[in-house]
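The data blocks that follow each hold one structure.
Note that subunit A is present in both complexes that follow, paired respectively with subunit B and with subunit C.
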Partner chain A sequence: MSVFRKLAVPALAATLIAGSAWAENVKIGNIIPLSGPSATVGQQGKNAREMAIEEINAAGGIKSLGGAKLELVFADSESKPEKGVAEAERLINTEKVNVLTGCWNSAVTYPTTAVAERYGIPFVVPVSVSDKITDQGFKTVFRIAAKDSWWTRDQFSFLKDMQEEFGTKVEKIAFVYENGDWGKGFAGQWKELAEKGGYQVVLDEPYPSTATDLSPVVQKIKRSRADVLMLVSNAADAILLTNTLAEYKVNLKAIIASGGGHADPSFLKAAGKSAQYLFDIVEWETDVNKPGAKEANEKYNAKYGQNLTGEAVDAYVAMYVLKDALERAASLDPAKIREALAATNLSDGPGMIVGYDSIKFDATGQNENASLVMVQVNDTGKGLERITIWPKSARRAGYTPVFPMPEK
Partner chain B sequence: MNEKQINRLAGIGLLVIAFGLPLVVRSATYLHIVVLLYFYAYLTTSWNLVGGFAGVLPLGHAAFVGIGAYTSTILSLQYGISPWLGMLVGGVIATIVGVLIGLPTFKMRGAYFALATIAFAEGIRVIVENVDYIGPLKVNGPRGLQIPPLETGLVNYMFASKEPYYYIILVMLLLVLFLTWFISRSKLGYYLNAGGEEPEAAMALGINVARAKLIAMAMSSFLTALAGTFYAQFSLYIHPKSIISLDLSFEIAFIALIGGRGSIAGPILGALLLRPVGDFSRIYFGDTLPGMHLIIFGLVLILVMHYQPRGLQEPLTRLYKSLVARLIGKTTGGGQEHGIARS
Partner chain C sequence: MLYIIEDTINGILMGSIYGLTAMGLTIIFGVLKVINFAHGSMLMVGMYVTYWAVTLTGINPYLAIVIVAPVMFFFGYYLQDIVIKPIFIAEKNVREPITVIIVTTGIWYILDNLTLLIFGPQYRSLADNPWRSKMLEFGDLFISVPKLYGCIIAIVTAAAIYWFFQKTSMGRAIRATSMDREAASLQGINQYKIYNLAFGIGSATAGIAAVTLVPFNNVFPTVGVLFDIKGFIIVVLGGLGSIGGALVGGIIVGLIESVGPQFMTATWTEAIVYGLFLVVLFVKPSGLFGQKHDW
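Entry: the complex of A and B
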């Protein structure tokens, strides 16, 4: 089995051989969905981690540990909490990993971090947006991505800013979301924010992500006469919903999506023209103004044939956060690594390609600087692309957002 | 030594191995896998009361696991009732639901019955996924319920190590096996068998087939719900997609089909084969060949169904009997041929 792994990941094998002569490798256990419904995002996370590890090891590994190399161990969660928990037990007890990362699906991350807490193993969560993950009072959990209350807060601030900028009034809002953990979490906060903002909620419609026909949902949207439609969707349903909305010629002033399926590289390809003028909130965009971002994206694209996504960037950055912490901990003792992670203040150096200034964890383990950007899908002559428009300071030079959407 | 003594010796040997296993297997990882193996063997044995003996194919048993898990968890989270008590309440609720499902569906034959049970289970899952509260009870929709790791101990049904869970599920498994053995030799067992194979003939002989099936269903749903509580306490997190899912219902049926429906040893053999195949192929191929374990799982299923449609228990029983016969032959000398011929 170990032979198998080495064959499959030759780069890793090289680091194993090179590293073993010097110092003990640092084992990083990664629990991500490599099969099942979220396999594509899981694969992106795996690619991004491998790219980061190669760079770190090629640059000499962890110097304070005598040049120790980082070694990745991947485990498949299949997006199932019980598999994630079993894999966490195995990675900690049998593989003897020094730190854990994962698990993308909030439903998997939630119970899995409890296992890590019990064993005192530091757990870095690149992306899993559910608020409750850092609200459990755990000492070993560190999340890089913004949590879902921040996503919804920024969606509403964006909506407010747009109304002021373009002088268009929005009154009626429709909420349509996948009926899982993620969608329900967003919708709960939307309702509160809509009430505070004085909007009228004309539709509140959860739907199953596995649906093969969403025309009943789209008809409800049409009948609700909403000004703005807010969405939370996974991959296949994001495409289906966008195409069905275009087919029914539903007139809306704006559609605001929440990343996930709408940010997936496959979305623009499959939805095409139907996706024009869509707003999507994400953590990272390829046109972000940050040194190294463009190069990292080009390298990733050459290696794996697609652009970096917000999720992949968080996974990539997570490896650099770990490297930085290990460097300062100068030890493989889990308690020391945890302390070093808690004291993280990473603002530059290779790998820091996030859109904000620095990564710093608050007392709950949440990255307090994580921020979000809003993009619009539009064609400026080079085909459909995602263009950063909000906050205004980050807006791509020379681009004026289209709001409200032209009538169909 | 005769056949009976050998059987008894083998049984005692297996028991000693089962009870002594945690003394040898010190790794929490492997103990975790074995606990889940017993859990599935228990579920399948409970399922077997209906799916095996009564000759129908229920594919919605995850609903009862869910009822058991949710009942005890809600009672303990909201009202501080010990999960042990909640387990029994869950069992009673599951029994009522099981009978209510059984009443209309047992009149259906073959695939229609299977489809109806799927529909019921999926209905329950969709309800749980889409409501946050049922009356005053917080089910928390698709987000599921997390049991905070509070005080460990027997009363709280919560332990820091795997060993207590191991012995709890082992005892549960042994009890349900004993019950199955007892029923298979009782009048009810014969009624179920007769009703499953030739319902018309059985009814003509004056057997109330529907009633026998309902009794079996009631017992099966009660026992299945108990396992739900065990699962909730073992994993400390439940959500609709993991415990009321079709995947779970199907896996129970797969284990029964592979091991041999309607036999006592079948569910154990099925779990012994399928669970490690799933777990180890995930562990070894999970990162290099994602999804490989599902292919292996399917392949094993196809091979067994093709070459041993009655399940693994049949050839293995034959093998065991011939081994016993040979042993008898050796110890008694002349009776060897006789022993083999008898098997």
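Entry: the complex of A and C
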């Protein structure tokens, strides 16, 4: 026994030393809001990253680096741009991280990516939607999620695909949106897209989100005889509009919402049957028909007590994108990692649970294949729920979207 | 042409409900000479009381008035008695009790945030509510049933309060205090008791307004804010302290909001309402039905 121990200890020590000399851990710096107004989202991002890292390390780490393990270093941005910048400096200079990720808040990501660019450290942005993040001409920034302007782009691509799939023609579109920055921004893009798509805009109506009665707006929608109604709403007005549309029996072929109030957890409950057949755009939905998505969501739910969200999925996938790039770079040299990231073309394997088919970065570092997901609110026997229908490859198995909506 | 009729009807119905939400504000101002900034929050509390009364007991949402109005009366009565009265007493030598206004603002924040803490930010609406999307249909002309009921309740409430103030001795005591609190005190009227009563009545009116709103609206912690600012505009428009004025002011706002969007975007009608508010302040500061004399 003692002989065995005498032999075993040095042997173990030798392998450990050899191992560590060979496989230096890869340090990933993550700047996310862990306190302050966006702390909930930040925490989701942290959980998702930790879950992905656990899986990657358990599967043997980075094989081309001798089984190097990924190590996460978290820094709290508090949703403050200046904090993000300071933390980036600290992570690069003191913690000596090999790559950075973050920061969710576009306002933080924007200046923070500039720090990484200066040091030449690759910066993976799982999700920060502002267009300008990848419009800076930076070499080290890689964004996985779709950018702001793609939300409206995808709403129109969806509309086009639906018309082809179901052979129903849509000519007249009505735009109704909350009169803030968000609604006006969407409406501006819609107008351009409608013109390009050859649609006729029959109503362009901003309304105050604080409205206590939306029947006048609904009447205008009814009179416009639009085929499709496109909405941008906050929570209270989304519920009010949906109910009032049902009350006045407005016949439309489709209602396309833009997340926000329509994606609010209380929306379905409060709007009830009036919300049936509504289309909404989201980053990700738990029922996307992708291998591993269901399992990942179940695992995440068991671990953290909530479902995966779009933000969490982007963070989760970001770790696999990094793993893939590190594997190909076979080096911890930032320039080599950057090159490997730029050459990413990830379409399968664990972690690819996004609604679209592959991840590939264009010259600006934007994932050119990213798209959003469209859902339809319907009841398939388990009460009203959000069912993924677009892109078609992610559609819930066995579900046929209802388009156009049945007449009232 | 039909839609103009439809919008006019909708404006009158919705407007009288706005008038009802503002009625408590005008009663409290008329007697206490204090703008109650917590009025929207009291409306919100009333909506939660209605929501839970209906959800827990399953009674008809309109019958909930018999629960909500007394609950809200005592809520207002003791809110004034316990929280606001001490400030009044401390400031009894001051002609304009400004501190009380600050206290009501404090109550507003406390109520809204307390509700947020207890019930969360969810939007609630009555489950299996037959009134929610009930419409009277005359061909292409649609009239919302819950709004129609709301309008009837508003008119009945206004008439009842008017009768109470004119015909009962307690009503006369309240009016006496509202005209001159010192003189009323000299006649043996307990000024603070009257304040409690007025606050209670104002609060109960907010409760009745809440009952009319719950069948077709959502209940959430900041719902009062939506009606609050509208309420201030309505009472100034109709004349501070005037019950009929609140109703008329409400209908004017309702009509602008409902008919206006047929000629412009809905955003503009908000600007028109505020513009009218300013015009009234310039031209007739006492409002359409306000008394001329100095408060």
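Observations, loosely collected:
One rule holds for everything that comes next: the second predicted complex is superposed on the first by the 232 of 408 C-alpha atoms of A that agree within 3 Å, B and C clash if a C-alpha of one lies under 4 Å from a C-alpha of the other, contacts with A are read in each partner's own complex, and residues count from 1 in each chain.
By definition in this document, contacts are C-beta pairs under 8 Å (C-beta built on N, C-alpha and C of every residue); 3 or more make two chains touch, one makes a residue touch a chain.
This is a predicted model, so every value here is computed, not measured.
Shared-chain residue A:235: touches subunit C; no touch with subunit B.
Contacts of A:215 after superposition: subunit C is touched, whereas subunit B is not reached. Once chain A of one complex is fitted onto chain A of the other, the partner contacts of A:206 extend to both subunit B and subunit C. Once the two complexes are overlaid on the shared chain, A:81 sits against subunit B while remaining clear of subunit C.
Within the superposed three-chain model, A:248 lies in touch with subunit C and out of touch with subunit B [touch as defined at top]. Look at A:93: by the touch rule set out above, it reaches subunit B but stays clear of subunit C. Judged by the touch definition given at the top, the superposed model places A:110 against subunit B, while subunit C stays out of reach. By the document's definition of touching, of the two partners only subunit B reaches A:180; subunit C does not.
Comparing the two interfaces of subunit A, the one with subunit B and the one with subunit C have residues 179, 206 in common. Interface of subunit B with subunit A (complex): residues 27-30, 32-33, 36, 129-130, 141-144, 146, 149, 160, 235-237, 239, 241-242, 279, 282-291, 293-294.
Across the complex, subunit C meets subunit A through its residues 3, 6-7, 10, 14, 18, 121-125, 132-133, 135, 142, 144, 216-218, 220, 223, 225-227, 230, 254, 257-262, 265-267, 269-270. Note for the complex: subunit A touches subunit B at residues 1, 4-5, 8-9, 34-35, 39, 42-43, 46, 73-76, 78, 80-83, 85-87, 89-90, 93-94, 107, 110-111, 114, 118, 130, 132, 179-181, 184-185, 206.
Residues 179, 204-208, 210-217, 219-220, 223, 235-236, 239-240, 243, 246-249, 264-267, 269-270, 272, 274 of subunit A are the ones that touch subunit C when the two sit in their complex.
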